[in-house]
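Two complexes follow with subunit A in common, the first pairing it with subunit B and the second with subunit C.
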Partner chain A sequence: MTSSEDIGPDGTQPIRPVLEVRGVTKVFRAGGSFGKAHLVTAVKDVSFDIMPGEAFGLIGESGSGKSTLGRLLLRLEQPTDGQIMFEGTDIAQLPQVQLRKLRAGMQMVFQDPFNALNPSMTVRRALAEPLRIQRKLSGKALQTEIDRLISLVGLSPSTQDRLPKEFSGGQRQRICLARALALEPRLIVLDEPTSALDVSVQAQIINLLVDLKQELNLTYIFISHDLSVIGQVCDRIAVMKRGELVEVTSRDQFIAEPATDYARSLRDAVPEIGRPLPSSLAEEAA
Partner chain B sequence: MAVLTYALRRLAWTIPTLVGALVVIFFLTQAVPGNAALARVGLSVDPETIAAVKASMGLDQPVIVQFWMYVQNILQGDLGHSWKTGNAVTFDLAQRIPATIELALITLVITIPFAVTLGVIAATWAGSWIDKAIQTYALLGMGIPLFWLAMMSIFVFYFLLGWAPPPSGRIGILDIAPPYVTGLYTIDSLLAGNLQLFGSVVWRLMLPVICLTLVSAAPLVVMIYNVMGVQLRSDHIRAATAAGIPRGQVVGRFALKNIMIPVLTMTAHLTRLLLGGAILVETVFAWPGIARYAVESMQVADLAPLQAVVLIITAFTLAVNLIVDIAYFWIDPRVKVAAA
Partner chain C sequence: MNMDATVETIPLVSVKELRASLGRDPEAPEILRGVSLDIGPGEILGLVGESGSGKTMTALSMLRLLPSAVEVTSGAVRFDGRDILDLKPGEMQKVRGGRIAMIFQDPIRHLNPVFTVGEQLEAVIRAHAPTRLGDAEVRRQAIDLLDQVKIVNPEARLGSYPHQFSGGMAQRVMIALALAGSPDLLLADEPTSALDVTVQAEILLLLRRIARERGMAILFISHNLGAVWQLCDRVCVMYAGQVVEDAPTDIIVRRPQHPYTRALVMALPRLGQVRTRLANIPGSMPPLSDLPGGCTFHPRCAFSHADCATTEPALRPVNSRHMARCRYAETIPPIDEATA
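Let's look at the complex of A and B:
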């Protein structure tokens, strides 16, 4: 990128992408520790940009590599190849010590809120650990911040001495969200954050996510196989198939006319009252 | 308070178990082939003498009467007489129990941290050469018979290299046992201020303890590797990593606590396994413990010591289970909350 491109026509800085993903690839070795391993390409040469304030939907069938991609973006998995520029720094090969400092800016919310909380840690401790280590808070300031985070996600501050097992799925997901927000991130990767929840609870969490995005000026990468959920939250939608990104479009474009057959079949698989099922599904139902 | 209630209830449950164990022990030893009276006086004695010996031992009574006498004696703290040693079984046991405890306790204290360390290292660096080395050890440790390992270690480290003492018990022939305080020679020799004896005792413990540890730790390493692997692949560990918490803390403070319950369960299992291992190790190393006592008694149909040793091992196992169940309350906050 040359310097002339960095300066906008009116002399101000143009908006830089929060995340620039270039040719990211992940190859897993599968097989026993002594036996012959075979290679599985979970994510293949994926590239895209995400602008600040965007809600970027990542859809695809299970096994399409979308969760792996989500983890790669935050370096929770080591990419085999490619670049991941977070706010201008390539984190794909960054040493752990330097990476740790950047981690506060990007957080993740996981699919299964039962597995995502340490069973032996109270809510307070789950929130306090990252605050202590990353933001160096302690004593009264720490407690004030924990209280603020808990009420931010709509839980009562009196719940913080409880263990995860005492909460419902929706409440746990709120705790996970509070933990992700604790480090004041700009980017949050949401990996199917509602798919383990009851439908009524799903709507509450979606509303909370939309509100928090507005309030805190967040950028979302929203991974889901549920198009109705994606449609409520996301501005842009990327479609993954067998580890590759097959299409990136705006939401409106996606609903009106997806470019690929695969995306169209995903779109049409969402049941809607009053619309006949696509013929292939109708035949299966009959 | 909840812990106390639970402990008492749990304790009450051990009583029927002990009674059941008494029945099994008594009737099983009755079923052991061989004639105790014959074994005692020899084959060349006339039938009248044998009958007299039988009567003196109570063996002419119906089995059920013998059982009742047996239970009554136990309740009075009388575990019978060993005709082989000529002593009361309780006297013999008092001499031998510390030898076994010393062996098992030291092994236990070494095995747990040893296995946890290896299991956690292998899981943390899964797929690396160190993981493979630890897996290889675990595989060998589970496959190699303890008695073979014990004999090979004597062959190599005593016979060939001369690094280890001869397998002749707890102290050397010229050593004098320390004054009896705990019965554990390591502690008693220190209490007596006899450092030279302490060194000799530790030197003699070395090979049996290493053999027992290597074999006992192997299945534990595999178990810890597995539960730690599950922990490290769970999303709450990913969340901790994403929060920028250093890897060492993620493993040491976040994951390790969650594997303590399975480790505790395995520890209880291990203490029971150690008693089985002790039989082999005591035999190979001529270690004067209760396991060797039981084996020697069995070989000459001396039933009272055999029954006593099995009873003690049963009681010990029940006690370990009791302690472990109660310890769950202390380790796992989830159990505590549920009881409150």
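Let's look at the complex of A and C:
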């Protein structure tokens, strides 16, 4: 993975992207059991880089392919075509055995904290499992690490012998975060992490995510349909439409003046205090 | 933000001190703890609050469609001079759909999958017609309703089944069905929450136009304060089974006088106003089975006094057309746009 491009003009090593995505495409086979099977291109020829410490927002309407792309980037789905370089290694077609070694570096947090946790596992067990298996911790070191993770996400240490059902939605999302952080990842894909939460709890989780990123020098890919949330967390925003990336821009540029009409229509439709309903919108729909 | 619609008139609906519990047991948790609110004729009222605060139950009480486990223990729902809770089943049936209609978050699930949209519309039109109508007239009215909700080519769409519509289009169909009985009040329970932003904006525009054209009132239930600000004349904020604040929309977002409303507005991420940190409301809403004494919000309140833990506040006027359930409402600072 070394080339002359890796040496900067002044002879120093430039910062490498955490993730280099090149021409990633995913085609699904749909139907078949009743109607005729057909192919659906969920993600089409997507390319971008993510630098260390960035919070990269991925937005788009339902069916735009943003969640599929998130899953492809962590190889939870295998791309049909293209390259995904994670810290310099192409993981797009890597066999599972080699993939496993890299997996610790990248984690995912999902929308529904109710389904993401094993209901019969206490918080302690849920956190101990990856620490024991992947980081080979045991005894006192294991407990110290569990305590550290729990306080990192703002839960009280006394909660660790409880089951997921004893927690509220926001607390569960904190547990999911602690579990994702257990393997000391560099990259976290957050798929609608606050969409199931009430406003007051959403604000707590957003603030926590911003703090953790700072503290642990994390890189985020933040997938959401909620542009106000994306704007609060992300420095760069990528807009997807029907599987394609239509625009990648800075947050400030997105707010001030997006380059494409599609991105502008999304921005203008965000329901917010102080932003009247767009009068330009056609009320009619075909 | 049409203020003309909210001049002092006799309210269309008046919910008075409504209390309801989950079961008959006196120990059963109360889910509505003395809800009071008015909706004026033609007014668009927003009902805001977090999950479990009682928004949907308040709306369902107006149609007497509360789940069977829920027992109304006291209070009244006055509509057109009568208490809805006292109506005979036959009278209630005329109110449902005819005077008060309801639409929901998930339109596809509330449409019958085995009948065409036309068949469903025609059945509702017939049910509400004062006299027997001919087939051609019923069909004409069905086409007219689809046209009113801006469905293109309504004549052809009558033959479509619900699954052939997108979420936004299905919501238009549900609105058309609700309009079939020419209701005075439309209860809209999170009607845009499952839709993409652009479609959501279209539906909000549609609702506003229809309400203004017909002089129809809307109770717009939403957790999304942004959408509420865009659509509603006035807002009631609910917390733990009570209305805690009631004021015109612009006042609610700029000079709220209940600490919960203030915190809610300040916790909202906004593209138009990106901040380094969002204001936090510590903790979460307490379970209704285990409410704190005094003011139910006091453990999370940034402005609480010692007596807030012991004295329950009443919903009281703090200004003209502005009520708050806080003993210290007058001391709550307005939201400073610069730091908010």
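Some notes on this structure:
Here is the rule we go by: the second predicted complex is superposed on the first by the 270 of 286 C-alpha atoms of A that agree within 3 Å, B and C clash if a C-alpha of one lies under 4 Å from a C-alpha of the other, contacts with A are read in each partner's own complex, and residues count from 1 in each chain.
Keep in mind that, in the parts below, a contact is a pair of C-beta atoms (placed from the backbone, for glycine too) under 8 Å apart; a residue touches a chain by one contact, two chains touch by 3 or more.
Treat the numbers as computed from the prediction; the structure is a model and nothing was measured.
Aligning the shared subunit A places subunit B and subunit C next to each other free of steric conflict.
When the two structures are aligned on the shared chain, A:Asn115 is found in touch with subunit B, with no touch to subunit C. Once the two complexes are laid on top of each other via chain A, the angle at subunit A between subunit B and subunit C, using C-alpha centres, comes to 80°, given in steps of 10. Of the two partner chains, subunit C is the only one touched by A:Ile255; subunit B is not. Applying the stated contact rule after C-alpha superposition, one finds that A:Leu76 touches subunit B and leaves subunit C untouched. By the touch criterion defined above, A:Asn207 lies against subunit C but remains apart from subunit B after alignment on the C-alpha atoms of chain A. Of the two partner chains placed by the overlay, only subunit C lies in contact with A:Gly231; subunit B stays clear of it.
Applying the stated contact rule after C-alpha superposition, one finds that A:Val270 touches subunit C and leaves subunit B untouched.
Contact with subunit B, but none with subunit C, is seen for A:Leu163 once the two complexes are overlaid on the shared chain.
Figure legend note: subunit B and subunit C, brought together by superposition on chain A, show a least Cα distance of 16 Å. Overlap of the subunit B and subunit C interfaces on subunit A: none, as no residue is touched by both. Residues of subunit C that touch subunit A in their complex: 50-51, 150-152, 168-169, 172, 196-202, 204-206, 208-209, 223-227, 229-231, 253, 263-265, 267-275, 277-282, 284-285. Contact residues on subunit B toward subunit A in their complex (touch as defined above): 127, 131-132, 135, 234-236, 238-247, 249, 254, 257-258, 332-334, 337.
Considering their complex, residues 29, 33-34, 71, 74, 76, 96, 99-101, 103-104, 106-108, 110-112, 115-121, 129-130, 133-134, 163, 165-166, 176, 179-180, 182-183 of subunit A touch subunit B. Those residues of subunit A whose C-beta lies close enough to touch subunit C in the complex are 61-62, 168-170, 198-204, 206-207, 210, 225-229, 231-232, 251, 255, 265-278, 281-286.
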